[in-house]
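What follows is subunit A paired twice: with subunit B in the first complex and subunit C in the second.
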Partner chain A sequence: MKKGNALLLLAVIPFGTFVVLFLLVPVISMIWGSFQTDGGGAFTIAQYKEVLSNPYYFQAFQNSVLISFLSSAIGIIAAVFAAYAITRTPKHVRERLLVITNLTSNFAGIPLAFAFIVLLGNSGVFTLLCKQLGIDLGSFQLYSWTGLTLIYVYFQLPLAVMLLYPIYYGIQEQWKEAAELLGATSTIFWLRIGLPVLLPGIAGTFSILFANAMGAYASAYALTGSTYNLVPIRIGALVSGDIFARPELGSALAVLLGMTLVAALLLNEWLTRKIRRNLS
Partner chain B sequence: MQEPCDIRFSAVRKTFGAQTVIPSLDLEVRSGERLVLLGPSGCGKSTIMRLIAGLEQPVSGTIAMGGQIVNGLDASERNVSMVFQNYALYPHMTVFDNMAFSLKLRKVAKAEITRRIQEAAEKLELGSLLQRKPRELSGGQRQRVALGRAIVQQSSYFLLDEPLSNLDAQLRTNARNDLVELHKSYPRTMVYVTHDQVEAMTIGQRIAVLRQGELQQIGSPEDIYMRPANRFVAAFMGNPPMNIVPVTVGDQQVMFADGGELALPESVLSSLKRCGEQHVLLGIRPEALELWEGDRTVVKPFPPSIAIRGEFIRSEYLGAVVIHHIAVGQHRLLVSSAAPVQFKPHSNVTLTASCEHLHFFEAAGAEQRIPLTVQHLKPKNQPEQVLVMSGR
Partner chain C sequence: MRRMNPSHISFVLVLTYLFLPVAATLIYSLATEWNKTVLPEGLTLKWFAELFRDFPFLQALGRSFLLSGLTTVAALIVMVPAIFVIVVYAPRLERWVQTLVMMTYAVPGVIMAVGLLRTYSGTGIPMILVTAGAYVVGLLPFIYQGTRNSLRTIHAASLMEAAELLGASRGRAFVKIIVPNIMPGILVAGLLSFSILFGEFVLVNMLVGGRFETLQIYLYAKLSKSGHIASAITVTYFLFMAIISGLAVKFSRGNKATRKEAAS
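So, the complex of A and B:
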């Protein structure tokens, strides 16, 4: 083996070890555990049978898919406009906006839930301020499905902006100018040229947002505890055990969650490839 | 008879922030002509084209097209077609859809769209490519699609922004010719932007040479090449470039900075003295110089000629031409000839040129051309003129 190659291999070893220890081993252990009886010791498919036949777990999947789809859809629509707006700002403003977006995209989990509680909770700053000013917030409740969706959209939006922002640079300025000379308005340009070109990027971003939301645990748990039946919260409850732990059933749920994500990613990959083929 | 003016720039000024790109431009494009805007990068030629297209608006001054002032008019309202440097074809549309885009927007009848596209495709040899996407085409084919898209619009003005710059050298030669032929088939007012002087000379009926947003000269390719208006135009046009040497005007001759002298005919000297400049620039194109071995004093009698003595340095063989480097005092002159020479390095040589081919420019300010009067007829009872410059 050449000396250069050996050195490269040596450099990869820490990363490879990390992947094996913290990704492969847990995944294999999770799959293995999902085929074990409670407490382990014997092979069974009973955990899957229970997950698939119990309406409670089916509802968890339904809720997770629904909130993931909804928050991803709202997030992506808002991000399409927001990312475009960022590309139109002067360079120094753009750089600052991107730093802020990057920071907020990493602001999730318990701190985010806490921030929302402080601002919009029953005794939140804005809630009290609105009461003081006589502004009616209607039936809005942070600890409701709407509140949960709002917090999901909040952490999806900056991530979507970060992912969508670079794809706008695939739209050549001369395409716009040519369209203008050919008699197209700005709306026609975006509908007939801009959007079709952006579509693979939008589809790819949507799938990442969907996966991001499906796996979100801390924000939802910190905000609503176990009130809302979501897959990650169910897995957490089964693994850590509210009353008693059932890690094997939790593993089966986790495997099915993983399969849902893989299915979503594959569907997206197929769609993206199809759109790209049409575009190129 | 001169064609009427079709596009007129009057004192047009354009700035981008604090940067002035075009200080004040007056320019006329004649109806139906091919005008080439030529200049180095950053000279404002593309900005001028964009001002015509309506993609940019002037800060002050007026732009008139077809007799109407178009300041403030949108690009779509100017009846202009434009071919961009990178062609700006839409990647998700077929060749047909790219060409039909503007016609569909203008709600032209389907049959008419098909007719126009087929006619243009036939002319541009795109007939078999109409269902292909741009990525499936070569550079030359893409360029023709961009031309086709411009043609089918049937606009009054045809703007081309360096459309050949992405093609290889062989293809570019053919494309230049195709463009000229195409203009004959579709005789619209055409403005063509390039930094390539060969493109400018071959495509343009007139060339406008620009520098830092200012028009240096406008005229036919012959005018620009044979009678450059100033030092910039003289040096910019021609490859290899014109030899330009600073000289001081004396009583009987011009003197070089290092003491060499060049005897000139009285008529030429009188022209130089008339302009009142003592320090001027002498320009001679490399192909206007003839190269002789050794010292040579008798040159072609008429028209009056000059002889410059120098030292042969080396030759560059380029195939069709050979470029010779000759040291004349502290200056290095370039001579181009069709045939190679077998001179030894550092051997004595003589360069001769007809005085008709001498150019003089002011050495200061705008470095404008100094008009010369060259006596072509042999004066009676006078010996043949032997005009020698000693540079060694």
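So, the complex of A and C:
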């Protein structure tokens, strides 16, 4: 029996070592660093003070929250309908659609930004097409906030569909029949019964999407390097910039960003628990 | 009969939106010249031919395969036994694993890079190893999910009891009975992990950068140079992803089939 227990310990130790070395220690070191003066050496909360009082970093947070909120909202509204349409397709079609959705969810970061440059860049396919047809795109620019939002929406959509799709199975066909027998139209059914049942799931998915967008770095970086004033871009510049590197300030920004993500994820967990309670 | 309602319209719009950038990149990678006209002036495979004769590209491709492949294998070797032990013998620890899973979500690449740079830069440990280590931990959510679900479907605890009653040691029972039975699930989790790492840019770019040029870093460097070559790289990358998810679907189908057999 003793030998068996040693074996159990042997199985868990390497895993624990990896977690300590490559997750816990770096995170603790980052939190510690965020309370240090530039270059280290003394304890201070000046880095946080600077983040909170400097309009530049405040704006970065504002921009990040805005683009994350907007792209999550567009993504989730489109996905609520699209995921429902997927549940209504025959099984073999549905499975294929989910595979395609999953595949496009891998299409993110640098390749995705590039695909959008091909499509909507200054000499992009779609841009040229509009020029040829005499359609005025107005002041649309891929390298603008609108352009970046389009890319964010792209990587939010597959994730939103994959996360929302299962929650439709919480709505039973009999409820619809019962509501219909009692004289409710389809719209009334969805407004009064469907939506309230789905709402916690939708809100939970929204918070995951929000966290996903808040931490996204590669798409904006691929488009313009560090021109977009977003929190992840600022962190990257502060930590790995050669001339303006201020790792302690970068750590403070990273800790604040991490706290935003934790809040979003906790909200999701709370809502998921609520759904389970409603279903049981 | 088939009225277009909001869900159909939205469904078509979403699919079109997801499809358009992929299609545009594919056509661009095959186009001879496509600067002024609506449709490309001609089709050619020369960009792909040029790309696959480009030694730095092949090297970058090789590095990506090596880094993603070895890291995935290491993650599976480290995590599957640990998750097995925790799920079967110490279910109380599962809460901690779930907390760790949430932590990995709360610490995306750009935050992780800050901590890793602070901890390991200047220690003499090669940053590529640090990147690989962080990758291993980052795969926890996917490997945990896959392994735990497989263990549940095969009723791992009862299988272990039966094996031990028949005189097998725990280690032997794990290797001879549990591993073969959860193999399809592990393969699917492994393929998923591989494709995630294959597309990773943030960590490897911030920690290692040009010193270990992966496919993603190579693509980033080519973005501003040649649109056609960058398209060909993107299409190649997308094809690899398609093949991998095709394999994953195949394995998970096989998994379902065995489950059905077990149920009947």
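What we mean here is this: the second predicted complex is superposed on the first by the 244 of 280 C-alpha atoms of A that agree within 3 Å, B and C clash if a C-alpha of one lies under 4 Å from a C-alpha of the other, contacts with A are read in each partner's own complex, and residues count from 1 in each chain.
As a convention for this text, a contact is a pair of C-beta atoms (placed from the backbone, for glycine too) under 8 Å apart; a residue touches a chain by one contact, two chains touch by 3 or more.
Everything numeric in this text was worked out from a predicted model, so none of it was measured.
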{"item": "Which of subunit B and subunit C A:Asn106 touches, first, second, both or neither", "value": "second"}
{"item": "Superposition-derived comparison: subunit B or subunit C, residues of subunit A touched", "value": "C"}
{"item": "Partner chain in contact with A:Leu157 - subunit B first, subunit C second, else both or neither", "value": "second"}
{"item": "Which superposed partner A:Gln174 touches (first subunit B, second subunit C, both, neither)", "value": "first"}
{"item": "First, second, both or neither for A:Leu8, with subunit B first and subunit C second", "value": "second"}
{"item": "Touched partner set for A:Val197, first subunit B, second subunit C, both or neither", "value": "first"}
{"item": "Partner chain in contact with A:Gln132 - subunit B first, subunit C second, else both or neither", "value": "second"}
{"item": "Touching residues on subunit A, where the partner in the complex is subunit B", "value": "172, 174-175, 177-184, 188, 192-193, 196-197, 278-280"}
{"item": "Partner subunit A, residues of subunit B touching it in the complex", "value": "53-55, 74-76, 80-82, 84-86, 88, 90-92, 101-102, 105-106, 133, 135, 149, 153"}
{"item": "Residues on subunit C engaged by subunit A in the complex (per definition of touch)", "value": "6-11, 13-15, 17-18, 20-22, 24-25, 27-28, 34-38, 78-79, 81-86, 89-90, 100, 102-120, 130, 133-134, 136-137, 140, 169-171, 195-196, 199, 201-202, 206, 216, 219-220, 223, 227, 230-231, 233-234, 237-238, 241-242, 245-246, 249"}
{"item": "In the complex, subunit A residues that touch subunit C", "value": "3-4, 7-8, 11-12, 14-16, 18-19, 21-23, 25-30, 33, 78-82, 84-86, 88, 95, 99-104, 106-112, 114-119, 123-126, 128-129, 132, 153-154, 157-158, 161, 211, 215-218, 222, 232, 235-236, 239-240, 247, 250-251, 254, 257-258, 261-262, 265, 269"}
